[in-house]
Structure formats: structure tokens, C-alpha cells
Amino acid sequence: MSEQWQRPSGRAPDEMRPVQIEPGYTKYAEGSVLISVGDTRVLCNASVEERVPPFLQGQGQGWITAEYGMLPRSTGTRMRREASAGKQGGRTVEIQRLIGRALRAGVDLTRLGERTITVDCDVLQADGGTRTAAITGGFVALALAIRTLQRGGKLSDAPILHHVAATSVGVLDGHPILDLEYCEDSIAETDMNLVMTDDSRFIEVQGTAEGAPFSRDELDAMLALGALGIAELIALQKAVLEAAA
Amino acid sequence: MSEQWQRPSGRAPDEMRPVQIEPGYTKYAEGSVLISVGDTRVLCNASVEERVPPFLQGQGQGWITAEYGMLPRSTGTRMRREASAGKQGGRTVEIQRLIGRALRAGVDLTRLGERTITVDCDVLQADGGTRTAAITGGFVALALAIRTLQRGGKLSDAPILHHVAATSVGVLDGHPILDLEYCEDSIAETDMNLVMTDDSRFIEVQGTAEGAPFSRDELDAMLALGALGIAELIALQKAVLEAAA
Amino acid sequence: MSEQWQRPSGRAPDEMRPVQIEPGYTKYAEGSVLISVGDTRVLCNASVEERVPPFLQGQGQGWITAEYGMLPRSTGTRMRREASAGKQGGRTVEIQRLIGRALRAGVDLTRLGERTITVDCDVLQADGGTRTAAITGGFVALALAIRTLQRGGKLSDAPILHHVAATSVGVLDGHPILDLEYCEDSIAETDMNLVMTDDSRFIEVQGTAEGAPFSRDELDAMLALGALGIAELIALQKAVLEAAA
Amino acid sequence: MSEQWQRPSGRAPDEMRPVQIEPGYTKYAEGSVLISVGDTRVLCNASVEERVPPFLQGQGQGWITAEYGMLPRSTGTRMRREASAGKQGGRTVEIQRLIGRALRAGVDLTRLGERTITVDCDVLQADGGTRTAAITGGFVALALAIRTLQRGGKLSDAPILHHVAATSVGVLDGHPILDLEYCEDSIAETDMNLVMTDDSRFIEVQGTAEGAPFSRDELDAMLALGALGIAELIALQKAVLEAAA
Amino acid sequence: MSEQWQRPSGRAPDEMRPVQIEPGYTKYAEGSVLISVGDTRVLCNASVEERVPPFLQGQGQGWITAEYGMLPRSTGTRMRREASAGKQGGRTVEIQRLIGRALRAGVDLTRLGERTITVDCDVLQADGGTRTAAITGGFVALALAIRTLQRGGKLSDAPILHHVAATSVGVLDGHPILDLEYCEDSIAETDMNLVMTDDSRFIEVQGTAEGAPFSRDELDAMLALGALGIAELIALQKAVLEAAA
Amino acid sequence: MSEQWQRPSGRAPDEMRPVQIEPGYTKYAEGSVLISVGDTRVLCNASVEERVPPFLQGQGQGWITAEYGMLPRSTGTRMRREASAGKQGGRTVEIQRLIGRALRAGVDLTRLGERTITVDCDVLQADGGTRTAAITGGFVALALAIRTLQRGGKLSDAPILHHVAATSVGVLDGHPILDLEYCEDSIAETDMNLVMTDDSRFIEVQGTAEGAPFSRDELDAMLALGALGIAELIALQKAVLEAAA
């Protein structure tokens, strides 16, 4: 009976949407990537600045930070432009803090030198999973920017410690599923974002019961699905970086 | 050897700080509580308004929201007052969204009627774990406000579905520990906030690797410690509410 | 006939509410006091920073400033949180400027050294007279912070020139009264805040006709009542500081 | 000996600067006045709107409010434009609240009808006493706007209860003086603003010790000087209004 | 000799960069276009809302407005994100007002019905001429949104009056040139933006002497070049709209 | 027939309003002018500061910038005060950028030395053409401030390159007219602002079709009228500066 259940998207419970990572999408950024996860499209640009924020000055280490934004009509209904509203909303702030933490966890900041890499993640089109797409794509943009520094002779050490990627998992009608798109995300009981490394350890686990609380069994099933999806994403990241070398 | 390891606080790995919940701390709020978790002190005031936000109007349900603030000198070094800075910082926004989600998860909003309960959580003194103390204390303030509505004849149904409480767990020097105070929190490798119900299900799981990524085994150990602590907190919530009846 | 008239509070015209000043209310601030004037409760924390604002740099003197805030549910109806509104209201700004001026008037800033003491006055519960309670309690917090500096060997001179305390007086139904609580303040014809020293001189006289203008006779009667009340408050300040020594 | 003491301005202690009130300075406002007090020049425009603020709707009364601003180069050193700084400073807010309260005290708001009169007081040139000049000139602008309403047949009753005018007094080198200009104001020990009616009663008494606290005797001397000056100002207001009739 | 002079871009003085207009770039907007003018790329999304701004309510006509933004790394050096800065800069505001005026000039607003079309123009990559590209592309997005309304049966009349397109012209080393890219724009003596219709009339003429003032002869030469370029752009707009039909 | 057509103002098509430029209007500014163009009155104050903005530091040149504001009741209906609204509107920003560019175009900034001149243009009364009046009057204020610098021995070179003045032209009922006042401006089909030098070259040409697009012939007619008016304004500027010498 359970196998008769169908995800709204028609995908298998452990099936991700098609993912594409297009390097070099813009010409100015030290690292630039357009990532598509199904219809979700996020432009990730990594910019290098040769200075660190005040709280790090003189400590011989670098910094990585992220900013996130959605274009007003990246969604079904036009949202107010945050620049015009005069501030970034709570959701935006929360997401960009998450992206920044996730990217920093993959890098040895002391090997980066006294510089800052800012990864701008701008959503051109949103269909669920924009924050995890931003982390997965943003990591490639970051790696490309680091490569630019290395090729420019500004960096001798390799500061990357782990590959970092992210996906979402959830529970819908009692079924654990991988990589929720909007039509699923909006009705799921539980939504969880996972950020993991290439050695299957966790950087972030953020699960929220939107409807009923979730049990330990459901949590375990989601963690297993997530590990699967992230392994696929990291394989793709590596292939893209190798091809772009 | 491992048993020789000492937490900076001197507590056992699974030992919480002393917790007190003092109901009726202020006289105006429909529900008011001062919660102390060790030296962390949060004043939680629940206010009832007989209307709902625009996005819920005419839908026959209520709303619960939270706001969070820290007094400027609740911390070791004075922080800038957010009202004077002209906006709430990213951390504040993130925390108050978490508290609001956590409290809503314990209540059937359709049984609340078309009204809003706002739970203000103001930190008088911070020594680690202010957001989880705010959730644990805020839930009692919310329950007291609902009781005020019931005694005033404005509510016949009991809208509370589950007790909700929260605590933090972490990994420090490779050891999983429960209820981190500031001197521990500031050096832990991993910090995880758990929000759970009285039937041991999860409302929020928010784990972040501050240093090294954490393994599945460490995750499991933290979840076990957290369940333990939250059971204690919910027992205290129930005792306080009964005594205040 | 006049003796038959009753204040709404039931107190005698020259009778203050019970006042308590509890030193050491929080553990981080260099000087901390919770002052209660009847049901009005204000937490006053004095913080020392070893620098002065730009306009005083290099002039060999210190600075004292104050900030004032009300918790959203310190009042009968919940007020909007100023941090969330994005700015401090006019009343807040006016009050914190008054508190700062009043506290500075009691101290020889040249003997304070090049440092700033910020006195945060946060109203936990408001029942009239919050600004005068903030001055009276804030002065004790300031004195405790100065004592902390002296004990730390950072200050040899005694910078305090006068004790400073404040109270409100008013005219209600034509009767001058001392220390108005909310049920009186909200209907008084005239409301006057007085800040005075321990040698009965004036630092601030702020009288406002809320209804009819007030005569010179009424002004004189209010000034006399205020001097009485402030003498009591300064006696209490001195007792508290001595007991805490 | 005392008669040898000279005010910095060269005026006698009880001598005001020359005052001019020029009605009809701009053509759009319902009431418009340029007031000069010595070199202090304030443009006061009273605007009528046929509605009241939300908190007064349906209560059958009107409202009077004021706004205050200084042109950036009205002072010796250019100040930052508040519109460009993004907010009104604390001093501005405090002053415009004072002007509003003072003007309202002269008018029976129930006889004004459900309309708002906003009095904009913009300082073209500042040489001390801008807030009291704004009140004195603003009252004439307000009276002219009320006359416009009466001539337009929109108001039958006469809503003005008292003439309202204001001046500053102070203590300098121990000498009480009337109407301080900038070179005096900036060095006075005490600065007091008085707002009074044409029957010599008080609307506002705002005295501040800038240096040493002031005694009861000094307070009495300042009150006497102020009453003198305000009587002159009210005589001028009446003459201007009669001439403009 | 003059023919020996070379534009920095290597183009002929009257030669535009290659222009592409890609309709349907995003899936949600009622009209969506990605326009590329050389390396300048602007995403133009037109959104329909079934209401008009307050100042037009009940007047039986529609409204067209535009918003403009640059992604932080659309330029050679990363710019601060306006949403994070808390406001739109002066240049942004000026440009989006220009785009809005230009688009409105091509449409009969009374035939649009009581609805608003907002055209968001977001610069993905900037290489000179972003505002004129936004107008040229934005007009196609607008026309597509109007077509969506017509096909949905919500609009019977054809509200478009003229095609509207824009380009820049300038004077560099004394030579009038068409369609300046960044390496030209940044050193030109004069920069002029022209917005014109398909019957060669003017909607906007905005010429600015960046260096030396320009003569009437130079003005005439620039106007002629601009008319040429705009005719080409309008031909392309028409071809794109026909192909997309 | 055409000669029967009447401008709403009653003036001839090429007739300007009476213009007056009153130097020394305020006493503090290094250059101060009140300009009246008909009923439009703008106070222009030029302030000198001995430093340049960060982007010019160490480059051995000066800077000229402008700010623009309208008093709330400078117009027929009271506008909201921008300082109270918390930001400058789009129109204000656009205008002050235009004034700044126009004034800079008349001056050799390298001969100004490392200092900034800020020209504040505050509209006391608005009747059309405030931005062009601000440029024409602002240039005289600027020239007076430069003279103050020269007389103070701080400037040996003469940094002024050209006189700069501005006027508006338009098309109304098909007729080109010079210097539009409000009753004309509000109904004109086309509105164009011209900024020119004393050798008849252009600094800014800003023409906007408010109704129908305008033809090349209309553009030529407007340019001719504008050149005429600006020549008159520059003659007046020179006369005023000579008389004030």
C-alpha cells in the first residue's frame, strides 16, 4: 500500500530533482556559478576583498560571509523588494547567517590569509530549497574564488578542508522524502535542512515541525535520505570543479 | 580516563543547572513568569490582543508570536541597545522566530479563537541558553494567559496540545554535555538546541558545528541527553502551573 | 472641607509610596540596582567603558550618559517594542536626555578620568513616576560603579559632588500632591518633575500644565512638597550605599 | 559693584532683544509669520487639515501639533540635515513636543472642530532662544489660521482661551538675566524656558542647571524676569494680530 | 585624420553592441525577458496586480511602475547590497523613476484597467548602459504581460500606443559615439540617454556634461546617432514579440 | 491665430518672471543668497569645510556638493517633513544630485584646494522651477563663498571657469514657453530643464514628455527659448556679484 503513495512531484521518495551547476556565469566575480535544482535557480558570486572585518583584524586569519536575496518576482506572487522596504526580513537574515556558517565550516580560515570572501546568493527563480541550493552552489563559487587566488599566487596553502553541500528532507503524509520542491514543502509536516561534509559528518541539522511534532524514527529516516542526496551533490561539485580546472 | 574529564562548570555531563520558574512576576500581563536557569534570567510576559494579523483575518483561528530582547547590560560587556541602533540584529530576529514557532507547535490555534498572544521574552541576565530558557518559561507564561482567558469565560476549549520545553546540548572536548552555560557554550565544538514535547517528540532540532563537524554518534548522544533534560523541565512546568492554579 | 478630599491612591498629599532600592540585582554591571517606588520597578545598570565620546576626546574628563526603555508589557496595554519599531519614540529620547543631565549634575566629570559611565534604566513595571525613579535609582547604580572603580584602584579622587534624586509633584482637583502614581498622573491638571541635590538646590524643574495653566501659588506649593520627598529619597540612597559598602 | 557687571550682549539684565513679527510671510499657509528675536529668525507656518489623528477620531475635538527644524546652515557651523541623517535628533523631538504642548494649552480643542492645525517652525537663523521664538511666533501663526477658518465660515466659536508666549531666562556669573542670546546661553550656569499665558499663569517651566545647581532665590528671580518679558511679547502679539485684521 | 580615431571598444562610432532579447526567462512573471547589450545583462520581469496605488483609486485607469537593482557583484568591484544598507541609493531611485516614466509614455493607462504593472529590472552584469537596456527590455516584458492579460480575457482594448526603446550616446575625445560601454562611458566628456518612440519622437532627453560643457553641434550629432540606434532596437523588439506570439 | 493664444500666467512665451537675487540673507554661511523667481523663493547657503569626502582624499582637489529641501508648507498642500518621514524622497535626491553636478561643472576643482563647499538650497515657497532657481541662486552663493576664501587668503587662483545658470522650458497646448510657473508646469505636455554656461554651451539637458512625446522641432524651439532666458539670468548673476563686491 505504501508504495502506492505518490509524491506531489511524482518523484520517488529518495529521488532528487535534476541539478546543474554552471561555472563562470558572470565575468567579474572571482568565483561565479549558476545552480539549478529543478526550477530553483540561484546565482552565486564569490568576491574577494583584501581585508577582514574589524573583529578579526590582526589575527592572521581570513573570513567568509554570505548574503542572500530573492529577486522580487522569483516567486509566484511578487514580493516587496527588500532594498525598497528598507531592511532585510527575518527570513533573509536567518538564511544568510546559515549559508555563511556552512561555508566557513569547510575552510581553514587561518590558511586563507587576511582577506574576506563574500558569497552573494541571489535567487532568480524559487521553487523550494533555495537556501540549500545556495549552500551547494555557493561552495563551488567559493572554491573557484580560492582557485583564482591560488593561480594569482596569493595563496600557497589549500584552505579547503571538506566539500560542503546541503539539501532538504521532510515528512509528508507520514512519508520521509528527499529534496522538497515548493508544492511539497508548502504542505509537509516536517521540513529539515541538512548541511554535510564529504566524510558524512554534520555541519548543520535544522529540523522544524511545521505541523505535528516528529518522532525519533522519522528523524532517523530523514537523516538517512539527506546523507544520500548530499553524497550525490558533492560528487557533482567535484565533477564541475574538475571540468572547470 | 574519560571520567576524569571535568566540565568547566563542574557539573556532571547530564546535569542541568538549577531552574526556577516564578509565576506572576509582573502585574499587568495576562501571563507572566520569571525563569532562572542558573544565572540566566528571562522575564516572559504573555499579552492577549483580541485580533489577529492581517494574513489570518476571517479564518477563525488565533495566532501566537514572540519577541525577544536582551537588556544592554545583561551580558559581561554592554551591548548596544537595539532600539537605539534602529533595528533588531540578525541573532535577535532568528531567536524570536524560533520561540514563536516552538510555542505555536504546542497549541491548537483554531481553538484559540480570533486573538493573538504575544510572548515577550526579555533577558535580564544572560549566562548561556537564553533562547531555550525563553521557550521553557514562555510556554508557562502562555499557559497562564490561556488560563486567564478561560477564567474570564472567553475560551471554553483547552487549546494546549502538548507541553513544550527546550534545552541546549553540545559537544565539548569530544564529550556530549547537557545545558551549556556561557563558559562552556563559548568553547564547545558543537551546540544544539532542542525543543520537544511531553510525549518525547521533536519540534525543533538545531545543531551547528562551531568547530569540527560532528558525527552521527555524537548527534545520537546529544539527542539522548536533551530528551532527559527536557523531561525534567516539563515536570517543573507542570508543578508550577498546578501550584499557581 | 478640603481635608475631606481624598487622593485616588488614598495616600496623604505629602505621602510617598514605599520605596525600595535593591543593590547588586544583576551580576555583570559595575553598579546595579532595582528600584521600586510602589508598583513602579526600574532596573538600573551602570556600565563603565574606558573611552569617551568623540566630542570629549583628549580633554581629560569623563562622561555620564543614560538610556531608558520600557519593556513592552510593563504597562496595562502592551506597547510596541522600540527595537522592532526601528526607533526610540520622542518620549523615550526626552526622558533619557533628562536622566543623563540629572546624573551628570551630581558628578565632577574632570575627576572621573577619560571614561564613560552609561546608566541603563529599564522599566520592568510602570505605575507612574518611571523617569524620577530612574534618576533616583540610577544615581545609586552610578555611585556603585564609581565605588567599583575606586576599589579597583582606577580612581583616587571622589568625583561625586552631590547626591541627586527626583520625584514628581502635581496638582489634582486643585490640591498639590507628592509622588503621583498612574491613576493620579493620568488625571492631574499639572505634572512636575523635580531633580534636586542633598543641599536642596535644583538641577531640573519641569512643570507642565496638562489641563489649566497653574498659578504661582500652586508652583510654590509643589516645590515645597517636592523638596520634602527628595530629602526622604536621598536619605534612603545614603542608607543603601552605606549598607552595601 | 553689581551694577558694574556687564552681560556679554551689553543689554540690561531685564532687557529683551528687539522682536519683530511679520505676518503673511508665505502665501500658501493658512497662517504664516516670520519672527525675529535679535538675529534669531524662525518661519512659522500653520496648516489646517480637515481630519484628526487616529487616537482622536470621533471624539468631536480638534488637534494642534508642531514640527521644528533648523536649516543646516542656520548655525555657525553647518549641521547635518536631519532628512539626510534619516531621523530627527533627540533635541528636535524634545523641542517640537514642547511647542505642541504649549500651543494646545492656549486653545479649547473642543471648539476647534475635528481638524488638525500643524505649526511648522523652521529656523532660518539661530542665535539662541529658537524654541521660545517658535512658540511666540507659532502662536500668532496659529491665531491667523484660526482667523482664516472663521472668515471661511468654518468656525463660529472662538477657540482661543489665552495668548501664549515664551522666553528664556538664566543665571550667568550669578546674575539672573532675560532672553539669552547664543553668546550668553552657551556659558550660563542655568537656562530656563518659560511659557506663560496673558493672565500670568504657567504652561511650562523648564529649568536646567547646566553648571552648578540653582537655589530657590535664583529660581524666584528668574521667574520674575520671565513674567516681565512674556508680558511684552504678548502685547506685541496682540498688536500684530490687530494690525493684520 | 578623423577616420583614424578609434573608439576604445573598437566599434564604429555609429555601431551598437550585439543585442539579444530572450523572452520567457523566468516562469512566474506575466512578462519576462533577459536582455543582453554586449556584456550588460538585465533581467526584466513584469508583474500584474489587480489594484492601483492610493492616488489613482477610483479613477478608472491603470498604473505602470518600475524598480531597478544591481546585484552586488554585477560590477567589477563588489557594491554593498542596498537591502543590507537599508535604503536605495540616489542613483537607483533616479534610474527607476526614469524607467517608470519611459514605460508609461508608451501606454494608454486608461485602457489598462484598474491594475498595476510593476517592471522589475535587475542587473545581473553591468558593462555600461544598464538603464537604457532596462527600458528597452522592460518594454518587451511589459508588452508580454499585456499580452498575458489579453489572452486571459482581462483586456479587450490594446493599450500600447508606441514602442519605446532607449540607448546612450556620448562625446569622447570630441567624437560623437553611439551605445557607450563601460570603458567608454567612464571617460566620455558627455553622456546622454535618449528614450524615443517608433515614430521618432522623444520621451526623455537626458544629457550631462561630465567634463567640458557640450555645444549645440555636438548635441545635434548625438541626437542623430541616438535616433539611428533606437530604430534598430525597436525593430528587434518587434521581431522578438512576433516570434514569441 | 497663434498670437491669440495666452499662457495661463499671462506672460509672453519668451518672458521670464521677475527675478531677484538678495546676497547676504543669512549671517553665518560663507556665501548666502535668497533667490526669488516670481513667487518661488529659495534660500541658498554655501558652507566651506576644510576636508574632502573619503573618495577624494589625497588627490589634491576640492569638492562641491548640494542638498535640497522643501519646507513642509512651501507648497499649496502641506507635505510631510522628510526628516520626520525618515528619508529623503526620490525627487529630492534626484534634484540635489542635479544641482551638485551643475555647480561642479562651473568650477575647476583642482584649483579649489582640498576643501568641500556644500550648497544648501531650501525652498521657502514653491511656485514652479525650484530646481532651476536653486542652481541659479546656488551658483551665486558658491561664488560668494569662493570670494570669502579668496579674501581670507586661502585661495590664490580663481577656480570659477564659467557662470552657470538654469531655467525651465516647456510645451503647452503645442506652444513652446519659457520659465514655467506652477499653473503652467502642472499641465504642460513637455517639461525641460536646461543648465548652461555663459558661453552658451550645455551642462544639462533634461527633457521629459509628461503627455505626448515631443518632436525634434519642438525640442529645437525649447532649446532656443532656454538659451535666451539663461543669458538674462547670467547677466543678473554678474550684476549682483559686482554690486556685492
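Read from first to last, the chains carry the letters A, B, C, D, E and F; within each, the first residue is number 1.
The working rule: contacts are C-beta pairs under 8 Å (C-beta built on N, C-alpha and C of every residue); 3 or more make two chains touch, one makes a residue touch a chain.
All of these numbers come straight from a predicted model, not from anything done at the bench.
> Hop across touching chains from chain D and tell me the fewest hops that reach chain E.
Steps on the shortest route: 2.
> Tell me, which chains sit next to both chain A and chain E?
Correct list: empty, since no chain touches both.
> Most remote chain relative to chain E, going by C-alpha centroids?
Most remote chain from chain E, centroid-wise, comes out as C.
> Could you check if the interface between copies chain B and chain C is built from the same residues on both sides, meaning over half shared, or from different ones?
same
> Could you tell me the distance, in whole angstrom, between the mean C-alpha positions of chain A and chain C?
Going by mean C-alpha positions, chain A sits 52 Å from chain C.
> Distance-wise, how many Å sit between the C-alpha centres of chain A and chain D, to the nearest whole number?
Result: the chain centres lie 60 Å from each other.
> So the centre of each chain is just the mean of its C-alpha atoms; given that, what is the distance between chain C and chain D in Å?
That gives a centre separation of 28 Å.
> From the mean C-alpha coordinate of chain D to that of chain F, what's the distance rounded to whole Å?
Computed value for the inter-centroid distance: 33 Å.
> What are the residues of chain D that contact at least two other chains?
Where chain D meets two or more other chains at a single residue, that happens at 86-87.
> Starting from chain A and stepping next to chain E, give every chain of the ring in the order they occur.
Ring order, starting at chain A and heading to chain E first: A, E, F, D, C, B.
> Would you pull the chain D residues touching chain F in the complex into a rising list?
26-29, 32, 39, 43, 45, 47, 49, 67, 69, 71-76, 78, 81-88, 92, 118, 120, 122, 124-125
> Quick one: in the complex, what on chain A touches chain B?
87, 90-91, 93-94, 96-97, 101, 105, 162, 192, 196-197, 199-209, 212-216, 219, 223
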